[in-house]
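Okay, got some structures for you below.
Two complexes, one shared chain (subunit A), two partners (subunit B, subunit C).
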Partner chain A sequence: MSATSHSPVFLHHNDLQQLLQILQHDGYTCIGPQVRDGVIHYDHIDTVEQLPRGYGQHQQPGHYQLEPAGHDRYFAWANGPQALKPWLFSPREALWQCQAGEDKLAFEQVAAEDDPLAVFGVRACDIAALYLHDKHFLQQTHRDPGYRSRRQNLLLVAVNCSHPAETCFCASTGDGPEVHYGHDLVLSELSEGFIVQAHTEKGLSILARLPAETASQSRIAAAQASSRAAAEQQGRRLPSQDLQAALFANLDHPRWEDIARRCLSCGNCTSVCPTCFCHREFDEPSLDGQTSTHYRQWDSCFNQGHSYIHGITLRAETRLRYRQWLTHKLGSWHQQYGRSGCVGCGRCISWCPVGIDLTAEASLICTGSEA
Partner chain B sequence: MSRKPKVAIHKFSSCDGCQLAFLNLGEDLLALSRQVEIVHFAEAGPVNEEIPVDIAFVEGSISTPADRPRIEKIRHNSRFLITMGACATSGGIQALRNMADTNAWIGAIYARPDFIDSLDDSTAIARHVKVDFELWGCPVNSQQILSCVCALLSGVLPVDQHDSLCQQCKQQGLACLMVSQGLACLGPVTRAGCGALCPSLGRGCYGCYGPAENPNGPALAQRFMQLGLSAEETRRRFLFINSAAPAFNETGLKLPDAKPQGER
Partner chain C sequence: MNSPYLPQEARIIERIEESPGLFTLRLHFTEPKRQEAYHFEPGQFNMLYLYGVGEIPISIVSDPKDEHIIDHTIRAVGRVSQAMSRLKTGQSIGLRGPFGRGWPLQTAEGRDVVVVTGGLGCAPVVSVINYIQHRRERFGKLNIVQGVKHSSDFIWKERYDHWRQMPDTTVLLAADRGDPIWPWHVGRVTDLFDQLDFDPANVSVMLCGPEGMMHVVARQMLERNVNENEIWLSMERNMQCAVGHCGHCQYGAHFICKNGPVFSYAELQPLFGQPGF
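And now, the complex of A and B:
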């Protein structure tokens, strides 16, 4: 995936549908953002009419609301509750089946779906999260076959964020709001269309077929200014990109107990977090006892089973479960994967039903004052 | 296995809805009857209440004096006793009377109160005999029954789904109703199992699957009040289908009750 240099092109809003058609023509199943049940949700799209054009959103701890943006841009909103994660790391997936034979058991891998997917409108934070999942699921000798086949066939049409939410803090984690890697194409939206850049050969071949013109310097400058403004607009931040030492020095901080009084131990944060990869595995036998299917399903460090070891639950209390979430995400992840597990998407803040803000909690615990 | 395991389905104080989870199995009910022998299931036909069985499913709560000796006998006759539904597992909706004056209600409703022989409270089966496994829900669904039977037939422990409902909600790809619509939802303190049925229909969960394994009732109650529910409305959310489940009961009872006892 060598960086591909070419001059950025300009694509009119009216021609966005052509981009989708090229992807469809190339055999991709297209996934894109759309409004469903009052939120921006990623699902199959056939036409750009389905995109959340003209929408903006308001997000705060424990609060999310779509609202009319007052203009007709396609991507004038920050991420909703989910985007890429469920398409690569399925919430529930059959891994293998076992069949009872005459005198032996036969094990068979369940073939993973591997339709080539093209995802429209992916943000920088989610690409950073995808790269973390690559590290987790595609480690040298332990490659996850299902994840790998979906990942190999993935095409990403990214979007540079112009309208971060109040809960976004990707600038402080170094993961956004501008897309720098991992995409095939990236769009920067302006009032009348998009600056489009390709990053891969696949992206270039698509770009070559677009009815686009070379982008003017003034438009390129406007797109750059928009990304800068998006970064400056972000009010939240983590005190540092490496909080490992600070967190582990504060395992007995009284704040953990204070959080535990508010935290519902519900696992919404881990479910919406694009980097959380914990899962459990279990078998479902058929009624006739002849076959059983082995499943993998999302799990959470807020569940009792996450720390259950033969007769002992290591983290019975919420205090220890929240502490596990934060010390892993922002601390021991560095040991595991060489960086923090937080890409600053803010989802765990917006989607916590009681609005617990990890940036504020991490700051308090690590530095003694809220960010 | 040389003989088919015997199964009985018993009913105590209940609406019969959980037994429908068996009838709703459809074709799987035929498959099930090839694996087990259903010897007692009054709602579907066979009646043989006293026969010793391998698995007894019990629907309903203990709410009359006659229920007590009956449940003891069932326990005695059963290798595994599994409660099925909110009534059997927590006391059910009828446990609302545990917080009221039962005799006052009986006197107010029945023309001949002397015909009614009811206990003052409605209690879970586990308050009276040892229960081997609990299936929560009002009603339970067929999948829970099947998984439980399949596990027992395979000689393993059934999986206890006690994580929060929120996670099933997220696994279905639903957006949180509390966050996006400001609706009160008991999902964070309720155990998974229904597949987030109510949130999938745009309605907050009312807790029919009972408390999750590590519920924080007081924090959720406070959130409900921030969302605009009165203390009384919040109390009623917790004191509803599973009002006698300790986690819901304790949270609810700490909130003020605006209405005098015995009155609607």
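And now, the complex of A and C:
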């Protein structure tokens, strides 16, 4: 895709609905952030009224609290537990069906849904994670048909993060808070509206239909300052270098045991992680016995069955499971996909029930001191 | 787009009871074109699907030259394999494959070959031995060492008797626990290593079986100055997709299903022998 050169435009808050309408008109099913069950959650939206306008949130290790922010911005919050991942890599998905006849079996692929999807409000960390899943599911010898059909029809309206959470560290991994690739349009929110930029031809065609004006230099400068501040605000950091050697040299570090005393092996971290890709496969036969559907569902390396092999569980202890997760996420990913499997979103820290902080643990194990 | 996850129907041409809890399914794709197009390398595996129950990875035992039959020898130990053991001749199962990287037979040409297996570990190397048998002149001395826990676990006696007749071939058998009519060694496979006949500078060693056994054998081979790039091991881990997607078989950065299951000792460093991976 050619980098589109155009002057950034300014879109008033009141005109955001028009952007949504253009996407709907172009045939996109629109997905956007909204408040549900006390968190910011991504699901179908019909109107911008559904967006979490005026909300902020407070996140700490093991803590997430949505709160009124005292302003009327749409995107002045950091990510909730999920955003883009479930829309591409489905939490549960039928892969194929088998019909049973008299000593006969007939297999049929289950077609993946391929409605064009437009996702509103995607952050830089989640786009980085999307690119990692592209490598995993699409750029290897075998490609995943379901992921592929959803990915092909995806349009992203990204947002530059202006209010990172206390648990965010995307600036240190190099993945945010500003969006640099992967999007069709990107919004930077100011108090009265958005600076909008297109990154693709599709994005440009949408932008051309917006009731927008050329953005003033002062507004562009304000948006840039907001991104800089969002980066500087981040207190946590993860060494950006390849930690593979450091982690694998410390497999017997006493800290693993210390973590295991706190870790519940619940798998929350892997569920909220935008790059975790493990999934298990299972059959669900119909009640009449005529058909069996083969599903896949998210799995976690913290589950007992993940390392099961003919009667043996290789990682029976929590210590070994956490070590598997961290050595993979921050180590083996480099060899597998050319970069760390961590994009700095901080979800695993906020959503860990006991508040285990990956940045602190990695730093302790690799360098001997907390970051 | 063709799904790498979709099995195809295969018919059980014959079911053989090898020993208690151990059975062989001889399979043939129902679709003739699929059978015609099917080729595999020794050491690769297939995913076998039992209707309504699930899939398991099973190595291929038959001769790669046999275009009609695909054999799998299975021990009934888990949820799927136990249910699969009740299948009969004429019934259908799902099959997809072959998957993974097999034994380095091209690079082993011109070299001595030592095959050491434990338990049912011999299944993935039977096709190697058959391969060498059909191209005997291309390989140096062949040593086949098989160990079992109990003498009653030993199967395929005729095969070993047959291999013993091949030129330049040594066949050695051991059982941890023997019985009065077990004619071979009682003890570990490594006890027999003094009887092996190979050139350490020009040998390919192929190991299959429990990891502890492979670890001990690999160490002994290294002590005999065999290069760590010439010691090959067939690895096993939980596998559900077989194409490097589901994540269960990861071993450090390797996906056992697609980068292996056969690896050199050097490739498995530094993790080999480390619990929890």
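Heads up, the rule we're going with is that the second predicted complex is superposed on the first by the 366 of 371 C-alpha atoms of A that agree within 3 Å, B and C clash if a C-alpha of one lies under 4 Å from a C-alpha of the other, contacts with A are read in each partner's own complex, and residues count from 1 in each chain.
Quick note on the criterion: a contact is a pair of C-beta atoms (placed from the backbone, for glycine too) under 8 Å apart; a residue touches a chain by one contact, two chains touch by 3 or more.
Everything numeric here is computed off the predicted structure, so don't read it as measured data.
Enquirer: Using the touch definition from the top, say if A:Gly62 reaches subunit B (first), subunit C (second), both or neither.
Expert: After superposition on chain A, A:Gly62 lies in contact with subunit B alone.
Enquirer: Counting only touches as set out at the top, which of subunit B and subunit C does A:Arg92 meet: first, second, both, neither?
Expert: In the superposition, A:Arg92 touches subunit B alone.
Enquirer: May I ask you to decide whether A:Val354 touches subunit B, subunit C, both, or neither, giving the answer as first, second, both or neither?
Expert: It touches subunit B, and subunit C stays clear.
Enquirer: Once the structures are superposed on A, label A:Pro285 by its partner contacts, choosing first (subunit B), second (subunit C), both or neither.
Expert: In the superposition, A:Pro285 touches subunit B and subunit C alike.
Enquirer: Touch check for A:Cys301: first (subunit B), second (subunit C), both, or neither?
Expert: second
Enquirer: Pick out the shared contact residues on subunit A: the ones touching subunit B in one complex and subunit C in the other.
Expert: After superposing on chain A, subunit A residues 282, 285, 289, 292, 305, 317 contact both subunit B and subunit C.
Enquirer: Under the touch definition given earlier, write down the residues of subunit A that touch subunit B in their complex.
Expert: Answer in residue numbers: 36-39, 41, 62-65, 80-82, 86, 91-92, 261-268, 271-272, 282, 284-289, 292, 297-298, 300, 302-305, 316-318, 321, 350-354.
Enquirer: Given the complex with subunit C, which residues does subunit A contribute to the contact?
Expert: It comes out as residues 95-96, 98, 100, 103-107, 109, 136-137, 140-145, 148-149, 244, 248, 251, 277-283, 285, 289, 292, 294, 296, 299, 301, 305-311, 314-315, 317, 319-320, 323-324, 327-328, 331-332, 334-336.
Enquirer: Spell out the part of subunit C that touches subunit A in their complex, as residue ranges.
Expert: For subunit C paired with subunit A, touching residues are 1-9, 49, 51-55, 75, 77-78, 90-94, 236-238, 240-241, 243-248, 250, 252-253, 255, 258, 270-271, 274-277.
Enquirer: Within their complex, state which residues of subunit B touch subunit A.
Expert: 28, 31-32, 34-35, 146-147, 149-151, 153-154, 159, 162-164, 166-167, 170-176, 178-182, 185, 187-189, 202, 212-216, 219-220, 223
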